[in-house]
Amino acid sequence: MYLYVLRRLLYTLPILVGVTLICFSFIHLAPGDPINAVLPENASADVVAQVKAAYGFDKPLPVQYLIWFANVLTGDFGLSIMTRRPVLSEVGPAVAHTALLAVTAILLSFVLGAGLGLAAGMTDRRSTDRAVSTFAVFGISVPHYWLGMILVVIFAVKLHLLPATGMGPSASDLTQFGMEDFRHLLLPAITLAMIPAGIIARSVRATVAEIRRQEFVQTLKGKGLKRPRIFLHVIKNAAPPTIAIMGLQFAQLLGGSILVETVFSWPGTGFLLNAAITTRDLPLLQGTVIVLASFFVLTNVAVDIFQTLLDPRVRRV
Amino acid sequence: MSTSTTGLAALPPAVRKVARPPGRSFWMRLGRHLLRDRVAIVCLVILLAIALSAIFAPWLVPADPYKTSMLRRLLPPGERGYLLGTDELGRDMLTRLLYGGRVSLSMGLAPVVLATLIGGALGIIAGYFGRQVNMLIMRVIDVFYAFPSVLLAVAMAGVLGAGIMNSLISLTLVFIPPIARVAESVTTQVRNQDFVEAARATGAGSWRIIVEHMLANVTGPILTYASSLVSVSIIIASGLSFLGLGARPPIADWGLMLNTLRQAVYVAPLNAVLPGVMIFLTSVSFNLLSDSLRTAMDVRA
Amino acid sequence: MTGADPRDRGGPQQPLLIVDGLKKYFPLRNALGTVSAHVQAVDGIGFSIAKGETLGVVGESGCGKSTTARLLMQLIEPDAGSFVLDGDPVGRGGVTVRELRRQVQMVFQDSYASLNPRHTAAQEIAFGLRVIGKDTATAEAEARQTLRMVGLDPDLYAGRYPHEMSGGQRQRVNIARGIALNPRLLILDEAVSALDKSVQAQVLNLLDDLKQRLNLTYLFISHDLNVVHYVSDRVLVMYLGKIVEVGPVDRIWREAAHPYTRALFSSRLSMNPALRVAAPPLSGDPPNPVRPPSGCRFRTRCTLAEDVCAASEPALIPSPLDAAHAVACHIARAGSGHSLAGALANAA
């Protein structure tokens, strides 16, 4: 068991190295010389060479990578070309903002998805089951950036209930989180929650229905156990896979919130990424992607290990 | 008349079974099952309608999708002969929505098709040969799996620069890893069956066995999985355009239209959300169709 | 037996196949992915198969029967071992592994899993013919012909998929696929075990018929002792990757020398109460093949085991009474150190 956990953790190391390799290659995949972004067009050859040396672009590729990788290991992702500030100090607050959004969204999606999924799985009425399935397909198929626009039209433009865009006053200091911030958070979180809610509803419905069909639940029924007790048994057995799915979806949200953040002008990683792309700020882009991908990998490992701890049968050797 | 129908219905099932000609292939049975699925038929009709109206748009709607008019900006639907109104540059919305299907549908299908070819091949090779070959391929795949799909698409498209070609490349790259994983696991399962051993016992080479024995058995599950990605591809591709990373103006593309109309959401909300309806309709149809396909595969035997 | 076989090079006295020192260990990996132990599936066995005979192989599941079949078929690579095909050594200097494989074919137990679900019966049989270089039309025609040989009307069955046939029909297609390539040795790995008794009898008759017509030699692997008795000329008994006894079928049935063979046979259902064997039936499961017992591998379940059985491994040596009958047991060899040594042989 511990060996498995250790092995799983060890295995993430080469993957993280691979991630840095891909991010490093961004510089060279991008059309044009990255140096052009920082230099005026009429810069003399002398200046170009100087700046190149300063950024290390004059060295052979593997050396460049190793130097860069060593820096990344110490948390130094270089300077943002636009703001001239360390990339990490730009990414840090953005990650916090995205995480706030993602956590709220995943909790919402859990309440919605698990609730509907349980209702559909426990009921014997076809109409309820149908309705939940329809909702699940809707959640999975809806382009969430479009849904965000619709929510803005309804709740901000027409009803004037909630703010359309931006983050509340606590944007610079999350410890000051208050009512106004919550109002800002609501629409983007609901938007972001749709996909995972659909996926969770679908999976909970399937799991619960399957468990209900299984022999031991039938036995419990035969023994004359009351409905609430059976419900408890079903919950106990449906929880592990649901939590695993939530974990995986949470990881997807961290990196996938870019579209929703753009719609709502939410100052998170997606917003930062967008800015980095439009201004061709490659160090900022690399830094953001590496941080997000690392979170993604670690969340996946955590889910894997969690699942193994709960159910040794899942262990893959 | 009533006697003849009851006569047919009264035919015992056993007799009908014997009357059935032998030699019905897997795909024929799958097709028959799908034709009995009402949801699948409806989705297929919707998608065909969208695809055909995109292809034959010039004959269906007379307006020029690129003709702007400053005087007729953001007309609400129905006004002055514009069935669905006009966009922020006074172009006919209906025309642009129909033309938009060309790019948007292609961007849903092309990356999945490409990724299925590449990812499928990688997965089958990894699954069939196993050991070091498997290690090599699947470990590289794992690295690409370390990115959330939207993040990888946006980052790649962002690095390569805006354009349809670049978002096609990015999306293909996003879908290769999951398809390769499915292909690998399906191939490994089939690989361990006796009939593959029997084929090897004839002395056939690996490629021959892959082409003649493996392919027919793994394409079903791989295609079913790939079909579930089409809807995701449409949403992400339109999303890239929405971010300004996909199709470039003035091309008609649903995601791009959503982007350019976004500023108008306060003035003409109905016009602004229309392109999203198309994306949603297409993506729901593909999703339901894929579900039907999976169900049909499950009960094939 | 029909007339002279043009493939016959060594004459009737030369065994079709001689196997020696055949060994296959499967590695086991621990959680970190390193090899921690080996399953000793087949551990240094040797035997020969005479031309035209049926050699039965019996033993409990996991004793290495199927691994042996796959090794002969060259489907898995042996860790050690040599083959002599009709007098010619296989490998360097002799006939190629490819040549050996061409002369050996196999019929698997699971008639459904061993047929490609996407191929018709004719396609399945024609595949092997195309592999050996025949064009599609010829292969198709020969496939239909072979179907007729195994008692299936090609007009009815050539175009059928596996799910459109019964278990017996599928197994006939499997047999057809094997004999289509004109092999000399056909390995039947539990080929009739999954069939109903009545169908089993039909297929066994078919096999007997084919053997005469095609000059075949059979390696018949089964856990069903009655079937083995019915079809075999000689029987080979395996236990935990080793051969414990081999000999003519009637001799083994009447005077099995190895305690394991006796135990195995006593667990068989018999219609005749006079055939009851005094030794108690087998109890418990075979030991773990990763760490087999020292000395004789059967000693942990053997009622007659003594110290010598743990100390040294008995060799497979021919019985003094019948050179064709060999046993690997200390009791069977006089002077082995076992208190009953020689007693049983004499009693027989």
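First chain written, first letter: the chains are A, B and C, and each begins at residue 1.
Quick note on the criterion: contacts are C-beta pairs under 8 Å (C-beta built on N, C-alpha and C of every residue); 3 or more make two chains touch, one makes a residue touch a chain.
In this text, all values refer to a predicted model and were calculated from it rather than measured experimentally.
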| item | value |
| --- | --- |
| Far-end chain from chain B, centres as C-alpha averages | C |
| Centre-most chain [mean C-alpha coordinates] | B |
| Averaged-CA centre spacing for the pair chain C and chain B, given as whole angstrom | 51 |
| Rounded Å distance between chain A and chain C, as computed from the means of their C-alpha atoms | 57 |
| Interchain centroid distance [CA atoms averaged], chain A/chain B, Å | 24 |
| Footprint of chain A on chain B - complex, ascending | 139-140, 142-144, 146-151, 154-156, 158-161, 231, 235, 238-239, 242-245, 258, 262, 265-266, 269, 272-273, 275-276, 279-280, 283-284, 286-288, 291 |
| Residue numbers on chain B that touch chain C, as the complex places them | 22-26, 193-195, 197-204, 208, 212-213, 216-217, 301 |
| Chain A residues within the chain B interface of the complex | 14-16, 18-19, 21-22, 26, 29-31, 137-138, 140-147, 149-150, 152-153, 157-158, 251-252, 254-256, 258-259, 262-263, 270, 273-274, 276-278, 282, 285, 289, 292-293, 296-297 |
| Contact set on chain C toward chain B in their complex | 70, 73, 75, 98, 101-102, 105-106, 108-110, 113-120, 124, 127-128, 131-132, 156-157, 159-161, 163-164, 174, 177, 181 |
